[in-house]
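You will see chain A twice below: alongside chain B first, and alongside chain C after that.
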Partner chain A sequence: MKSQSKTWNDPVLVAAVAPLAIVMLVFFLVPLAMTALLTFQTTQYYRLQWTWDLTIWTEIFSKPHYWTIMLRTVGMALICVVISILIAFPTAYALTTRLKTYSAQIQILIIFAFLTDAVLKTFGWILVLDRQGVANWLLSYLGLGPEAMDILFTPTGTMIGMVYNLAVYPMFTIYLSLARIDRDLVLASYDAGASRIRTFFEVTLPLSRPGLYSGAVLVFVLSLGAFLEPKVLGGGTSPLASELIRQSFETRVNWPLGAALTIVLIVIGALTLALAAAFVFRRTPAARRELA
Partner chain B sequence: MATPIIDASHIVKDYGRVRALHGVSLEVGAGEFVALVGPSGCGKTTLLKILAGFEDITEGRLEIEGKDMRGVPAASRPTRMVFQKLALFPHKTVAQNIGFPLKLQKFDRAEIDRRVVAMLELMHLNPDYLDRFPAQLSGGEQQRVALARALVSHPGVLLLDEPMSALDAKLKKSLQAELKKLHRELGTSFVLVTHDLEEAMMLADKICVMRAGRMVQIGTPTDIYYRPANMFVAGFIGETNFLPVDVSGTLEGGLTVGSPLVAGQPVVMESGNVSEFLGEGNKALLIRPESIGFLAGEPGPGQWMLTGVVEEYFIKGSSTQYRVRVAGLDAPVVMDLPGSFELPAQVGEEVRIGFEPMRAFLLSE
Partner chain C sequence: MMSQHFRNAVVDTALVGSVVLLLLFFYAPIVTLVAFSFTSSRVLTFPIDGFSLQWYGELIRKPDFFPAVINSATVAAVSTILATVLGTAGAIAWIRYRFRFQNLFRVVTFAPLLFPQLLLGVVMLLWFSVLGNWLDFSTGLATVIIGHVVYITPFALVIVAVQVYGFDETLEDAARDAGASRWEVFREITFPLLWPGIFSAAIFAFLLSWGNFYVSYSLSGTARTLPIFVYSGIAVGSSPIYPALATLNFIPALLLVGLAEFMRRRALKRQNAAQPVS
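Moving on to the complex of A and B:
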């Protein structure tokens, strides 16, 4: 506590942090507060009525339709986290071990793919997932699966697009964690008598947790706001929260509803993260957290 | 001697096109404390990693406890290593670190706890440390935890890779003493890699001096100190003086040694004072700093005298070191005199120094 008061008394530190603090205040906290305020207004003939009532909130809590979409969004986000991690971890692991020599080249390729516009990439997936697309052609060519599978315009299509666009985040955070692990720790584990698999679970995996968790959080937060994939690849058949919010603002011109749904999404996301954090911290001894 | 616990013969190790070890042989007896010494890049750490199983052998044969180690992974070898940077698992507590090898051997919890506590006692570590993490301990304490982890499963051989290089001088001294005591108590074979020959002499029964991927000399600390193979080995410990000499005759018939730099008659060296590795090249007499003294008058019989100018002196307490610049010698002559209240000579003073060449040691480059 002592050090904290010291920090605030240091004019240089305060000056250094001030610009960012002001930007966050003006462009994040104020709009957030305005959004929250908006939920207590009503609309009449597409015009905002400046009142103070709970009409929108009672509507949201009385219609299960909204909650279905919200829960679907969180569910899709969690599935996306799991699949992304399952793809990202082995990739990052290979880049720090077997493929270490080519690590730089492979990472450049991944970054190129990553920096290509998401809209372009997502539309590209239509060519792959279509009934007459590359995926179906390849499957039938190899004699796998039925004649033609419907992937495009299904939740599966949405999920493929989301994982494709987001798996790169945990790949990099996990890579950074893995690359920081001292090679001697792995040798020390072998030396103590541990097999490769045992060493992975006793040493490598626990020490890559920071990257694993931060990557998971990134994917989760970005998945909650997934907009492009459900529209382009999901075909709007099972909309997610972002589509619902867009419709409220644009199609129905009901800003209070859109604002309230936004707040609901933020709260659900924050609660999920808080639960996950509680779970992680419960399993991490206090002494180690202190050192992290 | 009984069968050695480690028998490495003609080990060759190539890294790509670079040859790190040129056919090195090493025997470690049961309960022996062996030190591998040499400057950085001499291959001592490579050899240790080969023993541990972290590196394979290009050519040669390695047997540990009578078994060929080709293709045997580190996990299945009876060796345990203490790493230079200790390599304690940062996410495991002290107890989990020490108990890790036992956990892998599937001992039950009670047995592991019992042995970990016993190890903690042996290492004079505070029992409250069991639930702490390595980063919460001091450097010396981490060192002891690393030793405890390596020794807890009673390995056949303990490998130590310069484990004390990061510690301050005082802590180093006390840990060295403890290591020696530990070795005596446990009877485990120790192989220590160090670049500090003084440390090796203090601790080891047998010292292997390495240079550029080859063994230069293997011997007891007294062998290495009093009968070094060549000037490289002799120059490796502390400060020594080399006096270039002219040699005539044969070892059998008596080697006659003389020098134009000194006042004194040529002498015939006894075989005990001649290196067994004496080669063709330049030869020199090795004169330890403690066997040179100031002369008041002319040299006595069997004594050689040099004249020079005092360049500097260092008062070390129990001894005083003088450096005397002698014309014709590249380096100043270093001499250690017993400490005394009055200094025998001042800087810039012209002095005569003397020694007995018969007591010196003849070696080649």
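Moving on to the complex of A and C:
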């Protein structure tokens, strides 16, 4: 499809761009700048003092407590990425190659599960994972577990919830990548005598890289802010960064601290994004061509 | 040696099995909630004691969740309209036009999608609090709506952009050649062709807003939407009214998702049929 060149004198362009640009500027970019600015302020008697000092940053960098939790958050995010990709890839592959007839219906079911109220779904997991819940009943019914498993209120519970809420993202990015692969390339590989397995590893998998990487990055970045899962399913036993942020706002009423912790998480996410972008850029000529 | 056929059958079964397992995983909490909504017991343990509709009755008798429903509906309706309009305009600018600072525009309008919702909420909360101090207002439903619009518009934009991408612009040229004005071209050609995408985007936006917890939690002040009502409820203790409430919540959502997908696919089919073989 061809696109029209437009200048800023064209009212049509201004009408299409300006409203959204203004909303994002006023309610997204300015707040971000504001948050960064707030980290250099202090609080006294629960009230914000407008100054310019580094109290908050020295506190954050000098207390290992914060970094233990940040590190745990990153660790959980990485595990979540690996599990989500392992779940997402085979299903996306199956949807593009094996289940084409039912692909539409299956996608509707997945989208519906994704769009439903996260609080309710998380509550549903409590009922599943509870000592007297569905999972333990099923295990003992199958004769697998003589004793009830404690999943709820452990990091495992948190992880199940995180994967549950985020695995959809890589599913769709990988699905889109796989669906775009030219079938002729696969057939050509067969013609040249390559086995199915070899074709998969040398044609399909490399071509699905953009979806794989973007899905992984999405899961990583989004899981940095996981809050419901550690709170409701993790039982608060091993808090993640989100809990620190909540406490600094609600319990300690220390905005600069909350702002600084938010900025730390955003920087971690942004660095990951930049790194991944550089990586994809280097590895896939297709991506480079598309961006050019 | 294993025969080729046998090996293929194993791979096929494993792949189809992975989809079945995924659906079981995705629907485990949802089906569990629906099942528990019909329990006759007060404690939520499995297996369920007996069948009853008493918790639905309890919901009707004690409608303290109702203001939250009204709030959620208001927020979702307004955010849907704003996010869909902004997303549609943005999608056209993304795909159809070339202009200076376009890449910057793309990055900024896409960025909220890459933001953990909690952080998005916190960042906006700080801004509204500072702004509220200066201009003397406090957070409430209006700020929730703004938060939802910022969070949801990128989703709407991406969905409409897919539709814009498959758009056949020769139809617009033809209309213009036939003497249609700019507005007439938009009303008669552009909008009807983009409508399926816009419709899906609107449904998506509505459900995202309806079920949103993180952004609302940060920005709602003392107002309560339905997810916040449920969150503060389950923080106190589980009660069988929540599965019943959840089940009532699922039915319209499922219908809406099905309808949107049906419309989108029908339109795609029509589009493909109308396009000349290239």
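Note that the second predicted complex is superposed on the first by the 250 of 292 C-alpha atoms of A that agree within 3 Å, B and C clash if a C-alpha of one lies under 4 Å from a C-alpha of the other, contacts with A are read in each partner's own complex, and residues count from 1 in each chain.
One rule holds in what follows: contacts are C-beta pairs under 8 Å (C-beta built on N, C-alpha and C of every residue); 3 or more make two chains touch, one makes a residue touch a chain.
The structure displayed is predicted, hence computed values, not measured ones.
Partners chain B and chain C, once the complexes are superposed on chain A, both fit on it without clashing. By the touch criterion defined above, A:Val23 reaches chain C but does not reach chain B. Residue contacts after overlaying the shared chain place A:Val203 against chain B, while chain C stays out of touching range.
In the superposition on chain A, contact of A:Gly269 is made with chain C only, not with chain B. Counting the residues of chain A touched by each of chain B and chain C gives the higher count for C. By the touch criterion stated above, A:Gly193 is placed in contact with chain B alone, chain C being left untouched.
The superposed model places chain B and chain C at 80 degrees from each other around the C-alpha centre of chain A, with the value given to the nearest 10.
With chain A fitted onto itself, chain B and chain C come no nearer than 9 Å, counting C-alpha atoms only.
Counting contacts as defined above, no chain A residue meets chain B in one complex and chain C in the other. Those residues of chain A that touch chain B in the shared complex are 182, 184-185, 187-195, 198, 202-203, 206-207, 285, 287-288, 291.
Within the complex formed with chain A, the chain B residues making contact are 52-54, 73-76, 79-81, 83-85, 87-91, 93, 100-101, 104-105, 131-133, 135-136, 149, 153. Within the complex formed with chain A, the residues of chain C that make contact are 8, 11-12, 14-16, 18-19, 22-23, 25-30, 32-33, 36, 44-47, 85-87, 89-90, 92-93, 95-100, 105, 108-109, 111-112, 114-120, 122-127, 129-130, 146-147, 149-150, 153, 157, 165-167, 169, 182, 204, 207-208, 210-211, 213-214, 226-228, 230-231, 234, 238, 242-243, 245-246, 249-250, 253-254, 257-258, 261, 265. By the touch criterion stated above, chain A contacts chain C in their complex at residues 1-8, 12-13, 15-17, 19-21, 23-25, 27-32, 34-35, 38, 87, 90-91, 93-95, 97-99, 104, 106-113, 115-128, 130, 132-134, 136-137, 164, 167, 196, 218, 221-228, 232, 242, 245, 249, 255, 258-259, 262, 265-266, 269, 273.
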